[in-house]
Every structure is written in C-alpha cells, then in structure tokens.
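You will see subunit A twice below: alongside subunit B first, and alongside subunit C after that.
Take a look at the complex of A and B:
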C-alpha cells in the first residue's frame, strides 16, 4: 500500500489551481469568473492545511480559516458589484462591459 | 491515510472543478462548485482538520453557494447556451498550462520525504488556543471581523437601487 505523502496533496492543489486559473482567464460570465476565483482559493487552502497537518503545526489551519473568511467577504462584494453592473449594463458578459476599458 | 480514499476524493474534486468551468449552463456550474467544495471539505477531513471541514461546509456550501445561486438567478445571462470562442481560450490554456508545468517541476524536484503522515495535532481546542491568544492571532482575528463588517456594508450599499444610477 502506497503511503499518501504531502506530495500528492501538492499535485492535487496545483491541478485545481490551474483549472481555476484557466476558468478565470477564459470565462465570459461574471458569475463563473467569481466561481473560478473560489476554486483557486480552495486550492491554496488545501496546500495550507496539508503542510499544517504534515508538520504538526496548527498555524496553517488558522491561516486557512482566515482565508475562508476573506473569500466569503470577497464573494459578497463581487456579487454586489455584478448586480450593480447588471442593473446598469443589462448583462454580465465581461466582453461587453467595456465602458472603462482602455 | 489510505491511498484509495485519497484517489477517490481527489478525482471527485478535479472532475467537479472541470465541470465548473466547462458546463454550458451557469446553474450547472454552481452545482458542480457545491460538489467541489464538499469534496475539499472531505480532503480537510482526511488531513485531520475536522474544524476546517465543518467551517468549509458551513461557510461555503451554506453561504457562498446560496449567494452564487441568487446572483445567477438575478442576472439572467444571455450566454448560457453559447460555446466560448476558440480565440478566447487559447491564451488562457497557454498561461494555465505553463503555470501548472512550472509548479509541477518545482514540486517533483524537491524531496518531501521528511514530512511524515498526517499528524493528529488536535482540533477545535488547540485552534481556539491559537486564535484567542494575545501573543498569537487575536489581532488578525479581530481585523477579520472588521473586514467582514466592511464587506457587508459595502454589499448593501452596492446592492441598493440608487447605487446603480
């Protein structure tokens, strides 16, 4: 039986982070962009918790709890901004919202 | 921890993350995001971080998913049935894969053998001792509560009718 080392968790985290980065760079829908950012934050949290658990040091888990709180705040403000954008532009298509784009 | 359990959980996580960015309807991707967040909670559980697993289920699948569902239903999207253009996704694929390959080279090149198995480092009690310790993390904890309050006030301000005009 192969033992699961911290290496496996790091690879899992890299895969999830890259999926999130691809989604963030390629999505046209604002809601999907916010979801990709949540995926990337979760990948970072997996890293923090894996190192915390493998080193026997709880500070990483406290960091991860703080990251979860910040992610909740970010999701709240981001969705409020999306609702305001939808109200003024009538769409959440990020390619069409180009009023302040250079 | 058993490698079979880890493989099953990570497969569910990766597949549902792919489902988030590739499904055609935005509601389906919100539901796959819920599956992905629950399986990340399972990853925390097999890492002996049960407090974070509970927090993950409470905050993400209880709060963030509901917010995302509300946002999806309030912003009726006109691009739910269209595929993304190939010219759009090419640089994104390039950037994400270059990033992933670089990080994987770094991870494979290092030796992680010195870190032994998930240690049982205690749970809610020890985390509470860290968070509410004046010499450790109590000041970031209080600042987090201020950040949450500011985010709540900002969301209420942006969500009002007058703010959009």
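Take a look at the complex of A and C:
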C-alpha cells in the first residue's frame, strides 16, 4: 500500500497545468482555447485544495472557491469576446485572425 | 469608525452601480450625462484620496501612529497604496473626460463608464491588498472589465485586440495563481505580511519550491506589465483597442501589475531579493532595449506608443532591480524613483493616447504620416502631444526627465554593477529621441495643405490639464518627489505607522 502524500497531488496538478498551457499555445480553435484556460485554473484548484489539507487550515479551500467563481466570470467574458469575433470575422479559427501582426 | 478610511473605494463602487441603474432610465440622446456623472464620482474619490494622503503624511511627520491594517490584515491602506490610488484615479478622470467626446456616437455608454469605474475599483483594491486572495480577486475584477472595454465597438480591430489581450491575460492569471498556490502551500497562509514572517523558518527543502514561485509570479506579472519576453500582446492590444481605452490600459492597468509585484516581492519574499533582483535587472535592460528598438521602425502611432510604453516599463523594472542593492537607504530611493516614473509615465502616456483619440475622432488616421501638418490643423492637440512626447523622451523641464533622473540617481548611488542599468537607461533614452522626434517633425516641419479643424472641446481640455501637470512636475517636482518618498518609506515600514525620513 503506497501512502499518498501531497507530492502526488503536486505532480498531478503540474501535469494538468502543462496540458492546459500546451492547449493554449497550440490550439487553433477559440472554444478549445477557452477550455484550456479552464484546465489551467482547475489544475491550480487541485494544488490549493491539496495544500489546504497538507497545511491543516481552510484558507486554500476558500481560495479555490474564489478561483472557481473567477474562472466562470473569465469564461463568460471570453465567450462573449469570441462571439463578437465570430460575428465580425466569420470564423473562430484564431490562425486566420491577424489583421495586426502578432 | 473603519469606513471613513475607505471613502474613495465606497464612492467609486457606488458610482459604478449607480451608472448602470441610471443608464436604464435615460433616453438615448441623454446618455452623455453618464459620462459627467461618473466624472463627478471619480473627482470626489480623487479629492478624498488626496485629503487622506495629506493628513496621513502630516500625522507621520508629527510622529503619530496611523491605522494602516484593516479587516484582519486583508487591507493595508498605507501611503504606498494611496500613491497608486492617486495614479489610477487621475488616469480614470482624464480617460472619462476624453471619452465623453470620443464615444458621443456610440451605443452602450452606461456599460462603458461603469466598466471603467469597476476596473478603477479593482485596481484600487489591488493597491491596498495585503492578502493574496483579495489581490487575485481584485486583479481579475480590473482585468475582466478591461477585456470587455477593449472589445467595446465590436469591430474587427477591437475584437481581435480584445481576444489577444484576453488570451494573454488569462494565461498570466493562471501562472500568477500557480505561483500564489505554491507560496500558500509552503507557508500555510495567504497574508503577504504573515508569509514574510514564516518564510525564514521553513525547511531548506522548500527552497526550490519558493524560487519556482518567485519565477512564476514574475512571469505572470511580467505579462501584465508587458516586460520583455512577455510583451508581444501589448502593441496589438493597444493598437486595436479604442484609443481612450488604450490610454487606460497603458497608463493604469499596467501600473496595477507593478503595485502587485512590488508588494509581493518586497514584503513577502525579501529573503530572495538577490534572486529576483538579478531577474529584474536582466529583464529591465532587455525590456527597454527591445521596446525602444522595435519602436524605431513603427509606422502606426498607437503601435509606436505601445512599444515606447514597453520601453518605459523597462526603466521602472530597472529601478525595481536596484532594491536588491545592499547599500543602506538606496532601496528607498529606488522605490521612490520607480513610483515617480509610474506617476509621470501614467500622465504622459495617458495624455499621448488621449491626443491620438482626439485626432482619430476627426477622421485622421493613426499612421504617423497622417500627422503631417497637424501643428497648423489642430494647434492645441499638437502642442500637447509635443509636450508628452518630449517628456517621454526625457527632455529637461518636463516630468519624464525628473523621474528618469531619479532612477539614474538610484543606480549611481547603488554603485557596482547597478551603474550598468543607468548606462543602458541613458543609451536607450538617446535612441528614443529619434522616434519621438519623428512625430514632432511630421506635425510641425512638413508641409500639408489642409483646413484648420475644430478640436473636440473636452479632449482638448483634458490634454491641456495633463500637459500642465507634466510641465508642473518638470519645473516644481518637490511635492511629488516628497509624496513618492513617503510612499516608498511606508512600503518598507511593514504596516507599522513608523516612517524613517532622511
């Protein structure tokens, strides 16, 4: 029987964070990009909750609750911008949207 | 009473909600009233912050204890915070004043002004935050409001700029949050001042985790302040956004990143000062060099101003790097210089973007070659823009010279390797004169046949006042330097009312 220490949670959260970051940098589709942002923020939530139990106080869980709310607000505004983008460009493929140089 | 310390925040929050509600009751032709209404709110808040900071400074010099810590260490309302609140409110004031002219033909004015007020409210809370949770939540309040503002007109340029700004902003939020979570995991608290007390006692095995957290925090906030490897979003976002919002982004939102990173690094992580000092020194030199040399070849004035804003951020970052000097009292000078440059840069860059807003309102494009003969066509705007550009270049008798001189003085005082920061600053200032001067040359020394145009009144008013402030700081800087010195001293007094003066 292996004892599950905080280290395992950290590894999990780093892996998920990296998946999210990779998704942000590589995805062409705007919706998929929003999903990658959510994955990154949720990786941090795992981190916060694991640390909360490791430290033995509830601050981390409070922080995680705030993060979830903020992630929702951010996704809302992101989707609204994406919708406006789709209406003016006719596509959500971010590679095709480059009126200005990157 | 606790609440009397928070009149500015209460006023701004009240006016932000009130603007939304009054918007419902107004007819479409009367929506300009909302602009004047939020202007009144910002002016009230600004007056009360200035009164507050003058009385706090007076009681500091009289040796009286002032209450700084509120709500169990959630909020630190010291002079450092008040300094930034003044910067944010001044920028918001002039942006709103210019916006009344700039958005006259637009819809959704209620949302526009209340989002500006909410963003200002968020930035004021970031300046005061003594807790990572509050800091992050208010950082997001300000950021999310500005994402929406960038896409205000929903045309191609706006939405593209907003999308790029949003992507980078969300990425940086994630990175900042990861850094904060490690900081919490190692210390078990989210109070910045408690973290500072616990860190000397943590086990050595946590050392690498803390350094990782420093790096993540610098990277995350580096996106917000558009430091060198993380700067690519800034030119696109500033170019595509409505010009008044570009002024707000460059002059206010960017400064929010500075206040957060200074507070976290200086207060919570002073043990790692040599590590982050080196990172900031390298980033500062690279940021100012890349910003200036990229600005040289720009043909669009908003893009050029964006790159110049990156370069100016480099000067501020270099000043922050000087905090790591071991010579006593140099860190006060370094922080004071950084703060003064934050203030002067907010005035100059805000003014320059508002001038661009005024010009583009009259149908003149944002390419630099369109500015030909502007000195004759729009004399007030051209004169104000000239003052801002000369000040940005660091010509004596303008505000930018004073703050750059203070940064240079700090690097020289710190001796040793820090002098190289000063040398790079001087070289970069010389380079920057070329691209600022080019705009002035187009405005005054190139022939152009065109009628004199009727300048928008409110934009011209805000430009004149901003130009006056820039010249005032350049000629009589004592009061402003004094204010920034007090702010720097209160940052290092760790929440106690004691201020050392020299």
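Here is the rule we go by: the second predicted complex is superposed on the first by the 99 of 102 C-alpha atoms of A that agree within 3 Å, B and C clash if a C-alpha of one lies under 4 Å from a C-alpha of the other, contacts with A are read in each partner's own complex, and residues count from 1 in each chain.
In this text, a contact is a pair of C-beta atoms (placed from the backbone, for glycine too) under 8 Å apart; a residue touches a chain by one contact, two chains touch by 3 or more.
Just so it is clear, the structure is predicted and the values come from calculations on it, not from any experiment.
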{"item": "Subunit B versus subunit C as contact partner of A:97, first or second or both or neither", "value": "second"}
{"item": "Partner chain in contact with A:40 - subunit B first, subunit C second, else both or neither", "value": "second"}
{"item": "First, second, both or neither for A:80, with subunit B first and subunit C second", "value": "both"}
{"item": "Partner chain(s) touched by A:67 [first = subunit B, second = subunit C, both, neither]", "value": "second"}
{"item": "Which of subunit B and subunit C A:20 touches, first, second, both or neither", "value": "both"}
{"item": "Larger contact residue set on subunit A - subunit B or subunit C", "value": "B"}
{"item": "Subunit B versus subunit C as contact partner of A:57, first or second or both or neither", "value": "both"}
{"item": "Common interface residues of subunit A - those touching subunit B in one complex and subunit C in the other", "value": "6, 17, 20-21, 30, 50-51, 54-57, 59, 62, 66, 70, 73-74, 77, 80-82, 84, 87-88"}
{"item": "Residue ranges of subunit C in contact with subunit A within the complex", "value": "132-133, 136-137, 140, 144, 147-148, 151, 154-163, 166-167, 170-171, 173-174, 177-178, 180-182, 184-185, 188-190, 232, 235-236, 239-240"}
{"item": "Subunit A contact footprint on subunit B (complex, rising order)", "value": "1-3, 6, 10, 13-14, 17-18, 20-21, 26, 29-30, 33, 36-37, 40, 43-44, 47-49, 51-52, 55-56, 59-60, 63-64, 67-68, 70-72, 74-75, 77-79, 84, 88-89, 91-93, 95-97, 99-100, 103-104, 107, 112-113, 115-119, 121-122, 126-127, 130-131, 137, 140-141, 144, 147-148, 150-152, 154-159, 161, 163-165"}
{"item": "Complex interface listing, subunit A residues touching subunit C", "value": "6, 17, 20-21, 24, 30, 33, 37, 40-41, 43-44, 47-48, 50-51, 54-57, 59-60, 62-63, 66-67, 70, 73-74, 77-78, 80-82, 84-85, 87-89, 94, 97-102"}
{"item": "Partner subunit B, residues of subunit A touching it in the complex", "value": "1-12, 14-23, 25-32, 34-36, 38-39, 42, 45-46, 49-59, 61-62, 64-66, 68-77, 79-84, 86-88, 91-93"}
